[in-house]
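Below: one structure in structure tokens.
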Amino acid sequence: MEASVSKSSDDLAEAGTEFYRRAWVLGTSGNFSKMLSRDPMRISITASGLEKGRLDDTSFLELDGEGTILGGFGKPSAETSIHLTIYRAIPSVGSVLHTHSVWGTILSDKFFERGAIEIEGYEMLKGLSGVTTHEHVETVPVIANSQDYVELAREIERVISKRPDIHGIYLYRHGLYTWGETVSEARRHIEIFEFLFEVLGRQLRTA
Amino acid sequence: MEASVSKSSDDLAEAGTEFYRRAWVLGTSGNFSKMLSRDPMRISITASGLEKGRLDDTSFLELDGEGTILGGFGKPSAETSIHLTIYRAIPSVGSVLHTHSVWGTILSDKFFERGAIEIEGYEMLKGLSGVTTHEHVETVPVIANSQDYVELAREIERVISKRPDIHGIYLYRHGLYTWGETVSEARRHIEIFEFLFEVLGRQLRTA
Amino acid sequence: MEASVSKSSDDLAEAGTEFYRRAWVLGTSGNFSKMLSRDPMRISITASGLEKGRLDDTSFLELDGEGTILGGFGKPSAETSIHLTIYRAIPSVGSVLHTHSVWGTILSDKFFERGAIEIEGYEMLKGLSGVTTHEHVETVPVIANSQDYVELAREIERVISKRPDIHGIYLYRHGLYTWGETVSEARRHIEIFEFLFEVLGRQLRTA
Amino acid sequence: MEASVSKSSDDLAEAGTEFYRRAWVLGTSGNFSKMLSRDPMRISITASGLEKGRLDDTSFLELDGEGTILGGFGKPSAETSIHLTIYRAIPSVGSVLHTHSVWGTILSDKFFERGAIEIEGYEMLKGLSGVTTHEHVETVPVIANSQDYVELAREIERVISKRPDIHGIYLYRHGLYTWGETVSEARRHIEIFEFLFEVLGRQLRTA
């Protein structure tokens, strides 16, 4: 993969424009990254505090695997340690995307005590990498939110080591982390989860 | 019709852009086709795995009536057999469109056991080809979802042969198939059904 | 007014693009008109069966006060008699707009037996021409739908003659008619009513 | 700050376009201002009665701290006194934005008797200036609506003097006032509040 990945972050900027339009990264919420090379690890990640609907070449930093800044502008996102943890925990990951949506927030509220949102029986699940039938049960762990991002990153590492088959994690009343081999796959996962969160969220009230 | 149909699939690409904006084909869900000629049968259909919001000339394949590839790029949609079945079952059909929406998914859940969504008394029904009054009752059969697309195609054929007057079929927790004499008519049918699904879905909770 | 009204229907086309984006004229629903001169009466009105999101110069007909075609393309909207009735009934009207929305449809269902949707106490009411305080009570009569547009037009005339202070009428499970001195004012009335319909519609379920 | 603030109101116009797209300033609702200099006080504010989705250089007036017109076009917004009051009450404020949304209106209805909307425990709260943890409790006072804007301005002054830590005030069934050091910060506050209002509003019905 390393050879073919462009250093340009146009694909992350485009995802930002679309997610902003859909109200999944309002305010300056959300953050996006992609891997530039795995060995040595180099990632491109959004700088902190930017509006995600209008990212450009000056909106990203290049970091190594320890989070040291190698280039770019501004301060890296406060949640950089979570991104790096996910890249380390799942070797196939080439992009990590994080969004905050209304329906996700509502579901995380509803399912926090149960520990996870479980989604089963929908054709849209096949949009998640490796899922080949609607009969699949997808588990999205919901974990406590915290301002201690190092501890949050450790908790995410624990969750992934127990359930390496998951495609995303929800931080309670905060937002979704998902990932993919490419930016395009990670973006597809965002869309799939947001679609299913809205279906489940709306059904909470028609049951 | 054959003489005047353009081989260009710009009209399908435009429908994709609009449906994506409205969140009816998130992820890489949905697929679209149009007939290029009926005898011999030639159709243009979206390749598998593409984002439907940005289709272009390289996003379509030309197939014959058996699904043999005659030109174009990529792999045909896994649901090609459903498209071909609809073209064979209803001679006037010139386009088949398939979308996945939140409200459609919710309604299919609610009405699966009853076997169909029935819609009656709305002026918008007049947007369906041949319907001339709001007093019309439109039946949208809801059939079980399956990963066996050949069997699904057969079930769709059975449903259409019993109810040749319908304008669409819903696959349970999966999505809508509708059709029309032209891409424009099929697209209008998508919009009419999605509007009515949202009305009915929202009313489930105000009753 | 006559002297300054442009014969161009760009303002109606622009309204169509915006209403389509907001899903208020899906399918080929809705129709729009503006007065070109009052004496003798000349109006420009959308042709029948067009998608309202992409109107252009070829989408409109010029009619006299009897509905006779003086120029333009296609067939006038089937609801032309309703437009002409409103122009005759309220001398200050310079534009009539008709849309079909999800929330309007739901409210018309809920309030049909009561005969009207009553809206009171919202600041947004001040967007209706002549309303100067949120303490205003706006009445939107809800009348039975019919395919007999001549009879519908007569019923609308009766309603307006009894309540000349109203700003709009709802056809049951069909759509909203509103009007204004200019296209811009009529368009503002659509936006105000749709906003308030959504507020009331959503509150049906939180009460 | 004074030296670096552009007199151009492009940033307010851009906010208007985005808010209109999201249906937060339908009709001609809403009004926006920014400070040009504090001493002597000079502000730029939207003229009355304009559509907020298409503001340009001719849509703004320059006023002094008493509301006297120094330049620009049209009549200043009827709510100018509220803007001036906020600039005087909070010395750090460089922009004041006012919007009308469906979810805000619904919440103001629900919480009017309690006197305030309280929001606690959401990560998105960190988008409000100075808030550093989701454990923050944000209070949005809900005050009675009135057509006496001078009295409304006085009430807003009283509320701010008691609670100088708040980021916004809701006028009952009317709309949100929020502010920030810059247009960009005030706009972020609008987005944060609207996101949280929608979460709370939707949860009224899933509880």
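Labels for the chains are A, B, C and D, by order of writing; each one numbers its residues from 1.
Everything that follows uses one rule, which is that a residue touches a chain if its C-beta (ideal position, glycine included) is under 8 Å from a C-beta of that chain, and two chains touch if they have at least 3 such contacts.
Please read all numbers here as calculations on a predicted model, not as lab measurements.
K.L.:
How short can a chain-to-chain path be from chain A to chain C, counted in steps between touching chains?
P.N.:
Steps on the shortest route: 2.
K.L.:
Between 0 and 180 degrees and rounded to the nearest 5, what angle rotates chain A's CA atoms onto those of chain D?
P.N.:
90
K.L.:
Using mean CA coordinates as chain centres, what's the gap between chain C and chain D in Å?
P.N.:
That gives a centre separation of 32 Å.
K.L.:
How far is the middle of chain B from the middle of chain D, if each middle is the mean of its Cα atoms, in Å?
P.N.:
Once rounded, the distance between the two centres reads 45 Å.
K.L.:
Counting only residues that touch at least 2 other chains, which ones in chain B make the list?
P.N.:
205
K.L.:
With chains as vertices joined when they touch, what's the shape: line, ring, star, complete or other?
P.N.:
It is a ring, because the chains touch in a row that closes back on itself.
K.L.:
Give every touching pair of chains, nothing left out.
P.N.:
Chains touch in the following pairs: A-B, A-D, B-C, C-D.
K.L.:
Contact residues on chain A for chain B in the complex?
P.N.:
22, 121-124, 127, 132-134, 184, 188, 191-192, 194-195, 198-199, 202-203, 205-206
K.L.:
Under the stated contact criterion, what part of chain D meets chain C in this complex?
P.N.:
23, 26-29, 51, 100, 102, 105-106, 109-110, 145, 147, 171, 173-175, 201, 204-205
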